[in-house]
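Look for chain A in each of the two complexes below; its partner is chain B in the first and chain C in the second.
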Partner chain A sequence: MSSGLSVDAVDGPGGEEKPPEDPEAPQQLAGRSPTRIALGRLARDKVAVVGTVVLLILVVLAIMAPLICDWWNIYPDQKDPNAPTPSQMLDGNQLPSFGPPQYPFTWDHPLGIEPQSGRDNLALLLYGLRTSLTVALLATVFSTVVGVTLGLLAGYAKGAVDAVLSFVIDFFLSFPFILGALALAPIITSRFGGDQDTLRRAELLSLVGILVLFGWMGLARLIRGQVLSLREREFVQAAQVIGVPTWQILFKELLPNLVAPIVVAISLSIPAYVAAEAGLSFLGIGLTESPSLGKTVNSAVNYFERYPLYLWTPVVTIMIMVIALNLVGDSIRDAFDPKTRR
Partner chain B sequence: MRDDRLVTIQAGFPVGGRSPAFQEDPLFGYVVRRLMSSVLVILLASFAVFAIFYLGPSSPAQPVCEGSGRACTPERLANIEKSMGLDKPVLEAYGTYMKGVAVGREVVIGAAEYDCGAPCFGISYGTRGEVTDELKERIVPTILIAVGGSLVFLTVGVGIGIAAAARRGTIGDRALVSGSLLVSSVPYYLLCLLAWLYLTLKTDIFPTTGYFPLSDGDPFKTFTGLLLPCLVLGVASSPVYARYSRGQMVDTLGDDFIRTAKAKGLAGRTVLLKHGLRAAIVPIVTIFGLDFGTLLAGTIFTEKIFDVDGIGVWGLDAISPPQDLPVLTVTVLIGAVFIVVSNLIVDLVYGVLDPRVRLG
Partner chain C sequence: MRLKQPIIAIAAVSAFTLAACGGDESGSGTGSGNDDQPDTSEGGNTGQTQDPDREGPVTIDGATEGGTVTVISTSGLNTMDPTEAYYQNTTSILTGLVTRAWTQYAYDEENNTMVLVPDLATDLGRPNDDFTEWTFTLRDGITYEDGTPVEPEDFVFSAARSFDREAFPEGPAFSNDYFLGGDTYKGPYTGNGLKGFEAVTVDGMDVTYKMATPFPDMLYWASFAAMGPIQEGAASDPEKYRLKPLATGPYKFGKYVPEKSLELVRNPEWDPATDPARTAYPDKYEFDLQVEEAQLNQILLEDSAEDQATLTYDDVLAVNFDQFKADGRAAVGSFPLTSFWAPDYTKITDIKIRQALAYAYPYEDADLAGGYIEGVTSLPGAQLLPPGTAGRKDFNPLPDHEPGSTDTDAAMALLEEADAVGYEVKFLYTKDSDSGVKVKDAIVASLTKAGFSPKPVPTTIADFSTLRADPDTDINVRSGGWIADWPSGGSWFPPLLKSTDVEAGILGANYSKFNEPDMDAEMKRIQTLPVDEQADAWGELDDTIMTDYFPLFVTRYGGVAQAYGSAIEGHFIDNTIGMPTWKNIWVNS
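After this line comes the complex of A and B, so read on.
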């Protein structure tokens, strides 16, 4: 954020309208869509580029997790018949028999072995990344769909529908999120009790469900506000006059005008969901069956002095991921709307 | 999430956009309407938790049945459910619960009977003590942490924001803006955890953390115990406030009245604080009020990591089996009350702070 945009353009929410500081704009008379302009700005933003590269590396690592683990001959759990049993990996104190903290570094297990369970830390990390990104992406997709749809409806429909939807938005905003998640998590999960594999999937879905349930309101309110003003514009009135069906006005006329706030909301909600997943798992109310970075942090706390590597790898990974996502999200917001700076 | 709210709030509050003409009874009607919807939100939130457990797969009476020492047969479970009134429809049971909150009631758990005075939030299945009594104890550390943390981030965060706005465009300002983004990107619980591990356990910088009740008669210990939790909470929230108040100040400092104040020869500090901050403080207070409820309801990480027996940890403990429905209901209820009340106060105080705003 310190680069790319000059500080003058960065300051002041809702200040005087400045012409976009785009050096190429005067020469190029051909029209460019706002999205193109934003992408151009983004490509010149060094922070955004670095953040995107970091994220791409993380995403590739997450996608390739099974391949990497296969190739390295490491396993995130003991289900695989080839996986070593805990007794092969641990000594009498439940500490690893290879690698840190008691023995020198070994390439077989570059990030060490988890105490108590004897699983490989690198495998846990890669699969944890995978879980984290999956949950965040699913939650973002669903909460965006819900938020946009309800926001469009509330803004476009006057009267009772708007009043009810606005109340629902206010209600969920007033609901203490973590306590709500506390109450809901075990109930949804136990509905799907059964074998470990179903339970794992149920847990993942219920976590996504909880994140969506408490995550759609911000966007819905934003969209509602935008639609309230867009609704009175000529192009919408024209569409109404010539008898365009309502759903078509909503999704074909209004939605394209809302791309910028939606993209911004998406880019800022992904890091929030990544952090929330790890946070809930850290508290023990998120994921218990799937590998999760937050869960690893929680169990590593007891070993922080004897085995710092075990604690710091998931901590640093979460930090890098969330910081990179936030920096990119912030750059995207700047690119789409350089006026709103706080 | 937080950023979303900031944007929404900015868009949602008309400042000076209303007609200045005084309406018939603007304030009274507005207050009544806001109060009613607030009460409705709180009732719905507590009912939601209640209903979740009713519709859940295992009966809320299950832990009571299992905890009594004898085998929990289906007949015994049914008997206990009946004695607790859990066989009734969910609305009726909720009605009984709410009546208890208003006037007190007799609570029956299995064979035992308890006389629970108003406001009665039930009897904890775990401790068999009145939930209300424990609530009174546990609410203190939660409020202390939230208030202490707020003091830190309001002074540090807003202070830094003002300083940066006054030096706008310098290297210090740029460093602050990018630095604050970096700090606010680190998930709060990681910051909290690392602070506890390395400042309390490993080194002796903050040797005793935790909550030591004031009733122990050692206020200094209470203070030092909560100092680190408050500092961490404050530091973690400061960047958001620094950035926000910087933006507001920059906006305000560009206004004509600031130029007038400077032109008539007022000292720089007076212009900055008396004229600039006075005008910029309104949106900052708004954000603070909207956040404070969430802060109170969400000190759960602080409490868990620093081992403070507050509301959040209470709820967390109540959820791990054996589940304690009365405790869980009251934590959600209190969380919703915190949020709703602080939002209400913001709306009402807003008109006082900014005379241009007309409520109604």
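After this line comes the complex of A and C, so read on.
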């Protein structure tokens, strides 16, 4: 789940780390936990701050989507009886009857209107953001829980359990993700999709399920490796000797030492999931009933020549969101891991 | 007749759910202008136009020889075996360019219609008095691409071949339905060669077809590639023959990669003097298939120097249609397709509710959502018989309803009258097709406004037709579309509205489960009428059924909007099938 993005360019040598100039530094050094140190470093990292602000704006927009749409009087679907019909919003050539590209800009529909359905692009964007972030967050939470638990078990248990779990991890790692998603998604939705509302929920959960199914192995491997080395340390051996239960050793002794790698893995997996959701929906195996940025990109391709705004809106939004998430993720990794600091 | 390709066909059927007509004329302003609108009164108008005396060769004034025509399309070619070709693209490419049959269609530029003219026969066939025997006479000097002469016996073999439903499950089954022995003879591959095949006899150059039931439309069936000559020796293995059918027409197969590409090169054995309709100006045709829709539109829009001799038989995107029309590079026309919504006659028993549905259906919105071009690829209508069918009667089963317009207030009033406000309407939609979902949304919105409770049932493109054909599926409205093989009422009413044995799980194409013994008897009576009275009787039956029973309502008639590069000349629309007039195409260099 590594982003592959480097912060070299933005965080040059001798960046913001100038402790000698900070008069208060000596007094505080004594009582700070590693997490607080990392947070302090983050707060001084301009890239991280900018990225976080961008993300906060996007999250607030997503959360406020229903309010904004209400206030703006726009609708993401046609279920609302007040929502306009396609023929009220579109000309016969599928282009909007209001605003670009055929008519002057209007604040009623600042990002334009979707061809074919006549829905407002801003409403689709806001609800698409909501979908993206929901899917990414759910997938991250579940894959972290699964990855950490199995990683801890595999690392701490010796012999057969470790061998089996390691084999399962390798098995899932070697399984092609797109192929699995292509095969699984229709099966799951046709199995559970009775009516529209059930279908919407089934699609969302099956998408999260597929992302989790193919997304937990990286973290599990990382955790297993860490546990392998921690297991032989004195504090663990001491706990074993005085008879502390295994689950307590795992979750009370080992887990707190793994906070840093977990936080880093989470921060880098969210953008990957956002991109994966958009990608799968673009391929038509993601969501069909809920608005999705990837789905909008897919429909907009046919209209790029005459109506570029329709395609640019979701593409730029996905780009901004993924870049911001990646930059913040990289900064978090730098802050938590002293070895990568410059 | 089927649409271009299995998957596309099903997708289009899903669009049928969905498809609708665009209301009264140019309602929405700037859209597609109407000066190019196909003349609906002439669509598919081949019924009355025949010319048994036309002779070759054909020349086009000013046309020059040479050049390569590139044809691009999103769909592949299903099968190119002449006996099994039954999709729009396979049928029209084979009969237009590669294989000849007894009769064929020629394009009449003046009237923008198709004329049935002889092909390998010297006339349009000679029936006996009750149409149970048809005799065609083969022209002299016809040869296959390898130089061997076409023998009258080859027509016996091709007719026998067209009986073989097991070897050619997707082919048209008219031989089985009408020819002598259709219920006993199984075909040369499934059965024992030609043993027991008695439907066709040869006398010198005369070939005589014997029918089990009167078949006045045989001259149309004789234009299908399946009725052309097929050599028994060359076609002994159908698996091989479908990769390279022997050409009798102006072009023969070059390199052919099934579903992907096809190259047609000149057939020097074809003699233009024997052919009353075909010309062969281009040196070569290259079919490039399974091209992405956006890319296809882009190639044609750009019209760059190396792509000027390119054409497509797919509909262009609605958003680009204005541009093609402004450039004068759009080919528009209609073809005999009727799309309809069929309420389940056994479940929605109150005619008022069925009529309310026709008022409530969002014709214009569904057009937009499905990507149709109002007035071009979607035309409004009220009769089951599309424009151009012989005997079609002008009537409106709902006198207060302007075809193609939505009136939710009238629908609401009818529902209240029937005491059925909140009536549940369950219909299928394909959730994996983007436009399928959008059309579903439009329908739900409009039906809700009219006082129905729509309950769309999600399915996939792959499962759609299976679910629709199952009488037990938990839905009460089915969407369908029907393309006529020839312009006669006989190819519409029996398959679509004759009672079927629903108890036994057989629905056929009777999507409304229409079941009225009186009407069955009437259809039977019409089929035994003298031929010249049949056409009007079908038109009358259309009126009776639609007005008295209203088992279905028309959502749109079909049209096409194709495009071609600036070097292509002669790309008109064959309105019997909605494909280019291959026989008229040449390259302007």
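Convention: the second predicted complex is superposed on the first by the 309 of 342 C-alpha atoms of A that agree within 3 Å, B and C clash if a C-alpha of one lies under 4 Å from a C-alpha of the other, contacts with A are read in each partner's own complex, and residues count from 1 in each chain.
One rule holds in what follows: contacts are C-beta pairs under 8 Å (C-beta built on N, C-alpha and C of every residue); 3 or more make two chains touch, one makes a residue touch a chain.
Computed from a prediction, not measured in an experiment: that's the story for all the values here.
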item: First, second, both or neither for A:Val315, with chain B first and chain C second; value: first
item: Contacts of A:Leu204 with chain B and chain C, given as first, second, both or neither; value: neither
item: Partner chain in contact with A:Arg306 - chain B first, chain C second, else both or neither; value: second
item: Partner chain(s) touched by A:Asp77 [first = chain B, second = chain C, both, neither]; value: second
item: Greater residue coverage of chain A in the superposed arrangement, chain B or chain C; value: B
item: Touching partner for A:Gly284 - first (chain B), second (chain C), both, neither; value: both
item: Which of chain B and chain C A:Ser87 touches, first, second, both or neither; value: second
item: First, second, both or neither for A:Ala65, with chain B first and chain C second; value: neither
item: Contacts of A:Ser269 with chain B and chain C, given as first, second, both or neither; value: first
item: Chain B versus chain C as contact partner of A:Pro186, first or second or both or neither; value: both
item: Common interface residues of chain A - those touching chain B in one complex and chain C in the other; value: 186, 190, 193, 284, 301, 304-305
item: In the complex with chain A, residue positions of chain C that touch it; value: 22, 26, 28-32, 293-294, 297-298, 301, 317-323, 362, 364-365, 368-371, 373-375, 431-432, 434-435, 437-438, 441-442, 444-446, 448-449, 455-460, 463
item: Residues of chain B that touch chain A when the two form their complex; value: 1-8, 10-12, 37, 40-42, 44-45, 48-49, 52-53, 56-58, 168-169, 173-175, 177-178, 181-182, 184-190, 193-194, 197, 201-202, 243-244, 246-248, 250-251, 254, 293-294, 297-298, 300-301, 304, 312, 315-316, 319-320, 323, 328, 331-332, 335-336, 338-340, 343
item: Residues of chain A that touch chain C when the two form their complex; value: 77-79, 81, 83, 85-87, 90-95, 97, 102, 115-118, 186, 189-190, 193, 195-196, 199, 284, 288-289, 295, 298-299, 301-307
item: Chain A to chain B touching residues, read off their complex; value: 1-2, 7-8, 10-15, 167, 170-171, 173-180, 182-187, 190-191, 193, 215, 218-219, 221-222, 225, 265, 268-269, 271-272, 275, 278-279, 282-285, 297, 301, 304-305, 311, 315, 318-319, 322-323, 326-327, 330, 333, 340-342
